[in-house]
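By written order: A, B, C and D. Residues from 1 in each chain.
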Amino acid sequence: MHNAGSRDITFAEAVREGLDNAMERDSRVILIGEGVPDPKAIFNTTAGLRNKYGAQRVFDMPLAENGLTGVCIGAALSGMRPVMVHQRIDFALLAIDQLINNAAKWHYMFDGKASVPLVVRVIVGRGWGQGPQHSQSLQAMFSLVPGLKVVMPTTAYDAKGMLLSAIEDDNPVMFIEHRWLHQIKDNVPEESYRVPLDKAKILHEGNKVTVAAFSYMAVESLIAAKGLMAAMGIAVDVLDMRSVSQLDVASVIDSVRKTGRLIVADTAFRTGSIAGELIAKVVEQAMDLLTTKPVRVASPDHPTPTSHFMAEHYYPTPQTIADAVLDMLGADKNSDAYRKLCELLQRDGPHDTPNRSFKGPF
Amino acid sequence: MHHHALYRSMLRIRRIEEALADRYAEQEMRCPMHLCIGQEAIAVGVCAALSASDVMFSNHRAHGHYLAKGGSLNAMVAELYGRSTGCCGGRGGSMHLIDLDVGFMGATPIVAGTVPLAVGAAWAASLKKEKRVSVIFLGDGCFEEGVVHESMNFAALHKLPIVFVCENNEFSVYTHLSERQAKRPIYRIAEAHGLMTQVGNGNDVDEVLTLAKTAVQNAKHGKGPQFMEFSTYRWREHCGPDFDDHLGYRTTQEIEIGLKDCPIAKYEQRLKQSNSLSQADIDKYEVEIREEVIKSFEFALSSPKPTAMDAMERVYA
Amino acid sequence: MHNAGSRDITFAEAVREGLDNAMERDSRVILIGEGVPDPKAIFNTTAGLRNKYGAQRVFDMPLAENGLTGVCIGAALSGMRPVMVHQRIDFALLAIDQLINNAAKWHYMFDGKASVPLVVRVIVGRGWGQGPQHSQSLQAMFSLVPGLKVVMPTTAYDAKGMLLSAIEDDNPVMFIEHRWLHQIKDNVPEESYRVPLDKAKILHEGNKVTVAAFSYMAVESLIAAKGLMAAMGIAVDVLDMRSVSQLDVASVIDSVRKTGRLIVADTAFRTGSIAGELIAKVVEQAMDLLTTKPVRVASPDHPTPTSHFMAEHYYPTPQTIADAVLDMLGADKNSDAYRKLCELLQRDGPHDTPNRSFKGPF
Amino acid sequence: MHHHALYRSMLRIRRIEEALADRYAEQEMRCPMHLCIGQEAIAVGVCAALSASDVMFSNHRAHGHYLAKGGSLNAMVAELYGRSTGCCGGRGGSMHLIDLDVGFMGATPIVAGTVPLAVGAAWAASLKKEKRVSVIFLGDGCFEEGVVHESMNFAALHKLPIVFVCENNEFSVYTHLSERQAKRPIYRIAEAHGLMTQVGNGNDVDEVLTLAKTAVQNAKHGKGPQFMEFSTYRWREHCGPDFDDHLGYRTTQEIEIGLKDCPIAKYEQRLKQSNSLSQADIDKYEVEIREEVIKSFEFALSSPKPTAMDAMERVYA
């Protein structure tokens, strides 16, 4: 998949490049959001685009999430292809009426006579004390109503390819970016390419346990998988689910057929998470393939506290995931191999920043 | 002739809705239905100021808007009967109307839900440098939703070619304005948002048309968003085919005054007085309309019935 | 539980009586909603209350769902105990910012220094062509964020008892009423009593299959259970789940321990439904008790069409549930007993009205 | 003395926030932080018009409001340090402040989220016939949210004792008013909603206090909701401890003018000119404040650290 003209760039750069590609190819694509043309450029994901495409295609907006979502839907119904951005998914709650009652249903309600080619980029916050109202991971909320597509790309490669697919899709797509992915690099082709919006991707192969993970949890799961392999010779399948509303259950079942065991790792509150839905769908279709109870790895059912002291164990880590794997396998944790694993998985830097260079605030 | 067109259009909407009301009891139109009987002049006057290329969004009480804009009667009646030939193939019913051929972009029942959409259509027109206006109908109750204010601000900010038409019938369901809004004029808030505003009698189709022409011209000539507030009166129950005066939420005097202020009867009288309309004209229109209405019901009732299989289609484009 | 001073009244009357009781006992209880004091009185659930308690305690309101929810939260923080009503749960989507970002989190965010004793009554629409925007069953959406309690009483008895518990609870409670329950009668005591907000109730006993059902689906499940018993001698457990956010998983597992089989019936879209969450929780804790794959009975993943022709098979019926039970048991459907069952379960009257006397519109 | 209190209160907020800014780099206050340096006069002037029983809600930029209303400094600093003794026990950080003892009901960062809450508090006061006003601080950006309009309408409808204080610093993050709102005054919209309105220089504490006294009196005497719009200037970056002028979203002249219009320096000059304040007074205040600030940091840093176990508590009341 990695082409000649490719290089390592960050997820944020890949998003920017995807937007740039899309705007270059299609003059109907417009971009709007609080801060889109400002100097910080939505964590640099929109940098330079106003200069390049002008104030007639790149917009800031009033603080009016519901109204402006409706405005974008109206523009989409009138031949534009708007891309809207919210700096936190929490702010999209103000727009849920327009997203659920209108965007998700317009094509259906009107018998396919019109459609809403709208992309809404939202960012899941985490760390540096963003607290209860700025770090929710609400993908499940947007996924339980038919008509909206909801995706969570993990790699820079997928970010660009899925964003291009989303923009070209005739349906409304919620494009959810985890803030801690923005700085992670991956090999990304310069030209434009598409990645499907409804397929999981295998990040790591193994036959012991299937770990199906969403967004940043796929990163953590991959670290766990590599550690398990290196320290203990335990090989697990890691699936990056990528799509949230159109769960690629078939791929998970394929893997479970091999492993007989399932762990689902999500960035959200445990109860009501899309991880629960995935487990339900797997057991409804293929419980007989499971040799042991499926396990969900997610955040606890309480709001995210701001204090870094309190938040220390809020998010699952590679260690959490590796432990879930080992517990499922009934592996012995009182071993040198396990201690080596723990060493390998030890995180470098504070728990509440995406990396060492981060000096807060977001 | 122009007067005739206005008169006929109002009469047509009235007769169509009366027919719907009459046949509703047969229990074959199985969906909520909000009649605009008594309010026809606003839809007709506004639409008479528009070109075919102008676009429109509406709400739960959409029949008049849809018909005045030229929406297909057959497709509307069939929609109420839940048939495949309905404008939404049966998916929508009375509260979801669409006819893209005449620029009727859609009506939906979440109050204020379509207001920002209409602004978005105006935005698209402005970005594409197309000389069309976008029209949105909203009730006095709708004006209370925050999203309306967000929409007005954005329209004013970008000087968009949109016309807000507020149909103030003083009621949201059975609740009078005075239990919902402070005592102050609605249009003044639009004005403060930076919109050009006009106020008029919504039961006088000439007045509506005159104001609407000004608004549409202003909007088309870059003067930014326009807001018109029209007073009017809803004759029948909020939802359904009947009168509901027995419920006592409006006084007998109020109802009498309301019914007397019939936009059609008043206009008929005015045109007759100026000898612009004869009884023969009226009779002719009544006959034509009656036939059209009968045919539309026949069309609906003879149309194919969609199935549960159809219902599964078109979730995604 | 049925006392001397009890009589058969409808769910709607029970709600009214619960409100009346609560307002009588506690002057801090106030009632507000679009149409609350109007002649139709929210399907008669608020009839007479303005006359009895005055315009200082019973309010109509502007069409401003988000703002007024915030106003009620503010009042709740200031010593009142507001009960708010929306005629459709779809309208509550406009208020989800206030419900999720504020009401659900206030107690937590502020370290327990304040709480939000607010009840939001919402009604799930169904039938008579209410269509895509007026018949959503969004209980899962309100249940995936910690801090909100979400309940769906099924019987008139529970409606009154749970409403009183909800009003006395110091937390925000979403009180979800299915429109088709409003006319169903049950034996209800005149005095006030409480029903817990987090416990399922057994409606029917049996050892073959566990049917855990939500709201109106509990009514349908009970009909199915009685039919199965009468026609085929098959005894199933029916649990009325009642609580949505605090799923009574223990009760379900207790039943599954006996039956080994689980069907969950929900009023919502299948994917992302709380039924999926319940299945996930049961298998996470007790998959080993299940002898066969769990099954979810719910509406298909598309918006509700308006046309009664299209909507005919949209909602699961007692027959759907009974068939799920029989399929799970591998029972023979080519039998006289089955034909008798089908006869018993045949519905009286059109499929899109709650009962024969209904003449539309809602 | 009254002048001294105003002066001292502004100076205290300034010094506290400067200390927070200085020590932020130590990476122990690990939460977003929005400083109100440059905007102190509004918080101080408004709070000086209030009684202890009046209540207040605020937003993401809450330090000044909280401190001016009398909120505990120790609890605030400890909160920024994420300690158990913080006003939210560490759950909230800078953007979530509360001190019920002084009527500071809560600040949260969802823009406009607390606006209807403040109206609800006023409603409760009115229902309970308690003679208190409720105050809400909102930014120019906040005014764009629809819920603000819904809140104003409800407040006007029920003539509630609430004071809306709009701090217009012309920016939402890095976006100027002119990219977000049509060219028209904010307060005129409030006026159209039926609120009594006043406009003033938010960097002149005497003026703020004078207007605020009128507003509070009006609100307490049944004249319904009050709206005040104050112009002001944010000195530092939107979020964080630093200046961000290198980003170039504000012109150098604009910044110069803004910094010159220091509410504290201006007030100091005025008081000195009228011989109401001496350098000795100032020196004394500086010393007192410095000591108080040092102690508050010591308090925070010596306070217990909450744990993940604590984080699981208090989800439900």
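Basically, contacts are C-beta pairs under 8 Å (C-beta built on N, C-alpha and C of every residue); 3 or more make two chains touch, one makes a residue touch a chain.
Keep in mind that this is a model prediction, so the values were computed, not measured.
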Joint neighbours of chain D and chain A, given as chain labels: B, C
Chain whose Cα centroid lies at the greatest distance from that of chain C: D
Between chain B and chain A, distance of the C-alpha-averaged centres to the nearest whole Å: 43
Intercentroid distance (Cα basis), chain C paired with chain B, Å: 36
Contacts with two or more other chains, residues of chain A listed in rising order: 61-62, 64, 66-67, 90, 94, 97, 101, 108-109, 131-133, 146-147, 301-303
Numbers and ranges of chain D residues touching at least 2 other chains: 88-92, 96, 108, 110, 113, 144-147, 149-150, 153, 157, 179-181, 315
Touch-based graph of the chains, sorted into line, ring, star, complete or other: complete
Touching residues (chain side chain A, partner chain C) in the complex: 66, 90, 93-94, 96-97, 100-101, 104-105, 108-109, 131-133, 136, 138, 140-141, 143-147, 245, 247, 268-269, 271-277, 279-281, 283-288, 290, 292-296, 301-303
In the complex with chain B, residue positions of chain C that touch it: 34-35, 38-40, 60-64, 66-67, 90-91, 94, 128-134, 300-303, 305-314, 352, 359-362
Residues of chain C defined as touching chain D within the complex: 30, 56-57, 61-62, 64, 66-80, 97-98, 101-102, 106-115, 117, 146-147, 149, 169-171
Chain D residues touching chain C - in the complex, by the definition given at the top: 55, 57, 87-92, 96, 98, 100, 105-106, 108, 110, 113-125, 127-128, 134, 146-147, 149-151, 153-154, 157, 313-317
Residue numbers on chain B that touch chain C, as the complex places them: 25, 27, 30-33, 82-83, 86, 88-93, 95-96, 108-113, 141-142, 144-146, 172-175, 179-181, 239-240, 247-249, 305-308, 310-312, 315
